[in-house]
Amino acid sequence: MALRSDIAWSTADQIGVFGYDLVRELIGKVSLGDMGFLEIVGRLPNKRESRMFEAMLVTLVEHGIVPSSLATRLTHTGAPEALQASVAAGLLGLGSVFVGSIEGVAKMLSAALVDAEPSVAIANEIVSAQRVVPGLGHPIHKPFDPRARKLFAIARATGFHGPYVELMRLVSRRAGKRAGRPLPINATGAIGAICCEMKLPPEACRGIGVMARAVGLVGHALEEMRQPIAREVWHRVEEEATAHARGKLRKK
Amino acid sequence: MALRSDIAWSTADQIGVFGYDLVRELIGKVSLGDMGFLEIVGRLPNKRESRMFEAMLVTLVEHGIVPSSLATRLTHTGAPEALQASVAAGLLGLGSVFVGSIEGVAKMLSAALVDAEPSVAIANEIVSAQRVVPGLGHPIHKPFDPRARKLFAIARATGFHGPYVELMRLVSRRAGKRAGRPLPINATGAIGAICCEMKLPPEACRGIGVMARAVGLVGHALEEMRQPIAREVWHRVEEEATAHARGKLRKK
Amino acid sequence: MALRSDIAWSTADQIGVFGYDLVRELIGKVSLGDMGFLEIVGRLPNKRESRMFEAMLVTLVEHGIVPSSLATRLTHTGAPEALQASVAAGLLGLGSVFVGSIEGVAKMLSAALVDAEPSVAIANEIVSAQRVVPGLGHPIHKPFDPRARKLFAIARATGFHGPYVELMRLVSRRAGKRAGRPLPINATGAIGAICCEMKLPPEACRGIGVMARAVGLVGHALEEMRQPIAREVWHRVEEEATAHARGKLRKK
Amino acid sequence: MALRSDIAWSTADQIGVFGYDLVRELIGKVSLGDMGFLEIVGRLPNKRESRMFEAMLVTLVEHGIVPSSLATRLTHTGAPEALQASVAAGLLGLGSVFVGSIEGVAKMLSAALVDAEPSVAIANEIVSAQRVVPGLGHPIHKPFDPRARKLFAIARATGFHGPYVELMRLVSRRAGKRAGRPLPINATGAIGAICCEMKLPPEACRGIGVMARAVGLVGHALEEMRQPIAREVWHRVEEEATAHARGKLRKK
């Protein structure tokens, strides 16, 4: 089998990236976010796509102190010479629970609308099929997630507010009824739906989260250098979590 | 010791990121690259800074098949369900050899110009002090690295072409004389010098590489899904590297 | 919620690990493999358990050039100062495809025998339920996997050859009949079955692979220092995979 | 350049690992710790080596709640499906600060005794040359580290108590005098010295830590499944670290 990659090539005086001349067509002309779109779609975004895609990325960059940023900071404590390893440690937690839910939403919506229009019946089916619907509700942002609202406003302005967003709204309403409390669409739910509108492959959704969080985790590693908290966290947790056992050995 | 982070906070209806309202001031208004600047510097860039910073990021996103993108693709072969882990595996190689050289250049230049102007004497000193000067020469891009030229052109246009770039040029000339062949400034050399011009802390330089490469590595993981090469690479390497020993055991 | 961990504690003169005195009862008395059993089960193994568990670990330490060892070696090329990151990069590929299949086997067998004895009927059901049965067949080791045979011999000697191994044999026979070619139990199939016999939780199976491979990956990082191959692999793959595109840009 | 690895090979009926027949000479006959020695040294250990090496590994497996085990547990919170990634996240912190100090000790001692005997003069030189001497003192274990004592006892029993251990003792005494308080040899100091006695290459020292900690981190990932603490840690840290800023935005 021949090895083949279509992403990039180099010669003495040129570098091609997905068929674009890196030096003449990309550096100084497009943004990091546009490069992200290029890596996923294989061509540069148009203006509407660029605006929508950057908005989704910006939404996901930073969540302050969360498990991934704490993992980055704890890793920095032991390996301050390896910034890349601190960021990698943080990225490793972007699995099924947090960023993975974007992918879950995108798969759920795209499977439902393969050859159907959004409807209450489809929404009911989706909700009945699972105990917890991804992309809904938020422990802090109540009664609604302001990021989702903003993303939908940009989706309307850029022409990416269509059937998938519509279906997600119906799903939210239905799931809220079942739960007996509002379950508004959260940021990952909005991004999952908009990814479908933009025809991005569901597998790429997690990639958007990874791109964005890598940017944010660099900031946490740098703050940990200036203003460390990880050692104090470690000492406190160690003190509390092992106090009950300290000095106790099993009897023989 | 009290725990304190100044990066971000959340309330029911707002999210603050370095003092900006995420929903009103960032989403839909700034780019992923601007968020990267914000994470490093703690404030949004002005227009000149934004243009220069995006250009550096875009330069570093993609290098095609390199050790880090191969590590990403090989990891995908074993753990296709964990995109974040494939990207993290690739980031782990951004150590002292490749992206770390940006940091090396930035430290070298900023140390030299603490209270001095760029001069031939200083350049000579820098070159004499080390066997290999970081940021110079390139195995493929000869006689010059087109990315460095482009970055310097943007630096001139945005006002970031100053003493550090000047000193790097003198260093390149001197090192080339010593080597008896041209040693032009490469992309990492240019970025290291421009980071100094922008007053970015040297520790942050590696972060720029990490942000950019995370974007590119997502693309490699996605291409590996569509058009895999890692298994073939594995089988070929295994076949060749162990042929000499196959069937041979140590005598007792 | 109070934080609590029952793994280990320290005082000025003692360290307790799962209730054992590290200095008096573990160092110099038990092996690394026994510590692995302790981490999974919460108590030291008896002699039979220790022998069986070490045998499974030893089986998984080393597979020569495979995707994970290549990822370790490629990472070393860029970050030779961070051995731990090279090993971590290799571990990241121990996902669903390779080591994850041990867990798959253990879950499959333990679910089938919750309240039943091994039987041809159950084996038929297992095989019918899935297109590919985990733990069977091997691309290289034919007509049988010598590691599996050895592990079953040790299982007999130590008293861990029971209903789960029995069922796995029936499954192998049935799947082979369906395929029209022998599908012998491979090493991961044997280990998955023996984990069930030892009453190890299925989630722990992947852990056994991780422990063992970490040991082997250290060896690959060290060989890469002495006798590098990763750069050559990189250059060859880059050369071949991008040759078709080199110099070609998209038309405007 | 030809690709060559001398670690392992496979044929249909045999697997060779460093020249040993995996099935006949290793599985069921040697331990995981012996495999670790084999990966580092290229041959199986004799009895004395095996005992000493296992003792060092066992010492390093478990330290309870430390930055690396917390990083493992936080990663599990986001990616419970990827045990290997949780363990890898924890390993990433085994850098210059913790496990790296073993390597520091081994390099320091082996450089000093290239062609000299241990002496007070050499110890004085070593201490004068650095502000902080690696391998000495411990925040918890006072007035001495019981692990170091135990390891030295085993070193005496196995014939690995020689000039490097001797020099480390002199260094400890001298550094303590300078500091005006006892600076006993800690566990990493003892292991660094004993690695020299065993003629293990200094680069391999970090590898011993990585092997051992991988085993321990599996235990932390499994305890986090049964008895989670990472979410509570996250919520507490977030609450405290961002309270000062919550609701505050920068003035325009």
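For reference, chains read A, B, C and D in written order, and residue numbers begin at 1 within each chain.
To be clear about the criterion, a residue touches a chain if its C-beta (ideal position, glycine included) is under 8 Å from a C-beta of that chain, and two chains touch if they have at least 3 such contacts.
Keep in mind it's a predicted model, so treat the numbers as computed, not measured.
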item: A-B against B-D, pair bridged by the larger set of C-beta contacts; value: A-B
item: Chain whose Cα centroid lies at the greatest distance from that of chain D; value: A
item: Rounded Å distance between chain B and chain C, as computed from the means of their C-alpha atoms; value: 35
item: Euclidean distance of C-alpha centroids - chain A vs chain B, Å; value: 22
item: CA centroid of chain B to CA centroid of chain D, Å; value: 30
item: Chain B: positions in contact with at least two other chains; value: 3-6, 8-11, 14, 64-65, 79, 81-82, 84-85, 88-89, 92-95, 99, 229, 233, 237, 241-242
item: List of chain C residues in touch with chain D within their complex; value: 1, 3-15, 17, 22-23, 26-28, 30-33, 35-36, 38-40, 51, 54-55, 57-59, 61-65, 69, 82-85, 87-89, 91-95, 99, 140-142, 146-147, 149-151, 153-154, 201, 203-204, 206-207, 209-212, 214-216, 218-223, 225, 227, 229, 232-233
item: Interfacial residue positions of chain C with respect to chain B in the complex; value: 64-68, 70-71, 74-82, 85-86, 88-89, 92-100, 229-231, 233-234, 237-238, 241-242
item: Of chain A, residues touching chain C in the complex; value: 2-6, 8-11, 14, 16, 19-21, 79, 81-82, 84-85, 88, 92, 237, 240-242, 244-250
